[in-house]
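You will see two complexes here that share chain A, one where it goes with chain B and one where it goes with chain C.
Up next, the complex of A and B:
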């Protein structure tokens, strides 16, 4: 017999866990994309030293498990004197992780911009910064927008791991509830649906922003 | 004083010696057609004039300013030299109007209203006034190229550099672009064109520069040069394209 009603008294726990996940997701999505954008631009157009630094960062993150990155930041950094709360450590780990993956994605977008576009901006007298923000970014992001959206969702789902350093996120809530009432099936099923809902919501938000950003697509 | 001056310009791509001592003097109001075989260095020459390509020896001045590939210098040059490309290079995410208004607003710091007036006037000039709100993708190649010309004109350049600007067009669309160029030539605009349009070079151009193996092989008044070429290479070239 299933007893979903046994979960009702834990609504608050689930809700607060959900909010923590939402909050971290929104924050790290914004920061991670910002980080990925600057790293991608550096890797594509920057000074050779900057390019190499970005390459090392991206490869380091993409070739190690997220949980190890998280543990390193939370348990490892204090020995260098940097003590972070679980929430802070998670925020940093998630941002760094999304930053690395989105660097690769966004760089593919930058790569897709024909050289002629940049030259056209140059011969019109634009600075490189103006060229980047006015000419390159919009079509570049349009190209890779679906991939970027998926990556942000992957990172959001992957954030379940932060419950391991006792951030009270959605997964933490599920663990807590099932340890109290032993309704593992119900707890995790509800949690799974909440994550699914979050993923759908995140995709929806991305689509709405995309519609604004790439309105010219519709127009032509 | 000449508007564009090249003095013993040498350009290398690695070991590849592409321009081998170019001397060229171009006065305001001239219409120069640069002709020559593929690989003779025509595009490279054009791209050296506005700082898109570096050259290793010699000197180029434009309107008295030394031409270098330094960012600041290239931006200063952009105020007096416009360039039109073979593939138009319109910005796909902007309307025709926005394409033309962008540089006047963010480079020349003109107001939106002023830039819009300029854009409309330039579109009028190339015969596309009604396309102000269209996206480039919706236009034919010929129309796109005319928008590109309008976009360059909006910066009120002293010289326009055109690199085979009709080569990517269907034959029936070439005429409308050449007509715009002819109009500009009549108004006294200095034009430096890399072109394969021999009739245009002869009828509209003032001077033809024949490039061969990285050198200015032969140059002179367009009608004279094309009807009475002196060097065997130019004779051969004219024989091949006509």
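Up next, the complex of A and C:
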């Protein structure tokens, strides 16, 4: 009853969809974590107004569905004069989304650094920036690294929604193929397993990066 | 052509919110029931059963919820099972919710020291007695906060049901947008309604977390 061979001629469609998803994931992972890091630092050590702003941003994003955020950015912002291509809109939406979640995660890491450690750095004459990068962020990131990577994977899976604003990602490819040959079950099943493979591959890569990043642990 | 006043937009959105809430509740009940069964199965310490549960969790946590919905909706009807958008949404959300809850609850049960299982064994309690009198009362206290927290994810997940054509908040939002050409207002209102639904749950989950941390 299942005819997977009908999908073979669309291999390149799936492949280009997969590449778009990978590309967007990598880009938003980097941008999102950068955004999350600066927001977490602001939330923890910044000006009270900055802290408030970050809290509002995080709570707003964490308590609304990604698809609504995406529609708001893609359909809503042009009425304010800000026209975005589907690709740009989804990149911004994914970054903002990951940024909010990673803010919370990174903040938990920052909270776990004992105050004495920061004071010790001060006594040793380290500047605030040195303290931040060497004394606070490195051990904080090590602690929250697993949570952060699984959030990145969750965002990658959530990116399936961007096919709705016609970004040609993996889900878009699945829809395209099934509309051509009417093999919906096969097409979606293959796509689901491609996502699963991508999730497993990402987790493996993140683990390898983690081992490199926190290698100083082994050296001691 | 019909004109939509602000009142019309809001009343239509609120009407649709009912379906979002209903779908969330149905999915949450379905998800917790399946997760309970799977957690019980996992506790039997049968290797094969544990492997199966692990595979289930990997499968549904590692694939997008949207794909699961497509498979349930388009896929199943392709295979000859008639399924409505409502049924497909509940089915896929149940699978998705249960996969996450099993993992959450596993963590809660694993936080209890192993010595408690062994001590109960020494005291002559059976497996079920240990579970009922020793493990569950403690595990449930730990599990409530993250479970409430996850219910927020379920509510947000129901937004995807709009894509397979189930008429709930997001779907009515897109329909109103098509009719009024006021996307900024419509989607801001939709987001606001989701926020009003989810934020109290987030706060409650945070409160529970604090409360149980103090008492421990």
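Just so it is clear, the second predicted complex is superposed on the first by the 218 of 220 C-alpha atoms of A that agree within 3 Å, B and C clash if a C-alpha of one lies under 4 Å from a C-alpha of the other, contacts with A are read in each partner's own complex, and residues count from 1 in each chain.
As a working rule, contacts are C-beta pairs under 8 Å (C-beta built on N, C-alpha and C of every residue); 3 or more make two chains touch, one makes a residue touch a chain.
Being a predicted model, the structure only gives us computed values, none of them experimental.
Superposition of the two structures on chain A shows chain C fitting alongside chain B with no clash.
After overlaying the two complexes on the shared chain, residue contacts for A:82 are found with neither chain B nor chain C.
Of the two partner chains placed by the overlay, only chain C lies in contact with A:160; chain B stays clear of it. Using the contact criterion defined above for the overlaid structures, shared-chain residue A:138 touches chain B, although it does not reach chain C.
Of the two partner chains, chain C is the only one that A:69 touches; chain B does not reach it.
Comparing chain C and chain B on the residues of chain A they touch gives the larger count to C.
By the document's definition of touching, of the two partners only chain B reaches A:123; chain C does not. Residue contacts after overlaying the shared chain place A:216 against chain B, while chain C stays out of touching range.
Applying the stated contact rule after C-alpha superposition, one finds that A:56 touches neither chain B nor chain C.
Look at A:189: by the touch rule set out above, it reaches chain C but stays clear of chain B. Once both structures are fitted on chain A, no C-alpha atom of chain B lies closer than 25 Å to one of chain C. Considering their complex, residues 1, 59-60, 62-69, 71-72, 75-80, 153, 157-161, 164, 171, 174, 178, 182-185, 188-189, 191-193, 195-196, 199-200 of chain A touch chain C.
Residues 114, 116-117, 119-120, 122-128, 130, 134-135, 138-139, 142, 214, 216, 219-220 of chain A touch chain B in their complex.
Looking at the complex, you find that chain C touches chain A at residues 58-59, 62-68, 70-71, 74-76, 78-79, 152, 155-157, 159-160, 162-163, 170, 173-174, 177, 182-184, 187-188, 190-191, 194-195, 198-199, 202.
For chain B in complex with chain A, the touching residues are 50, 52, 71, 74-75, 78-79, 81-83, 85, 87, 89-95, 102-103, 106-108, 135, 137-138, 151-152, 155.
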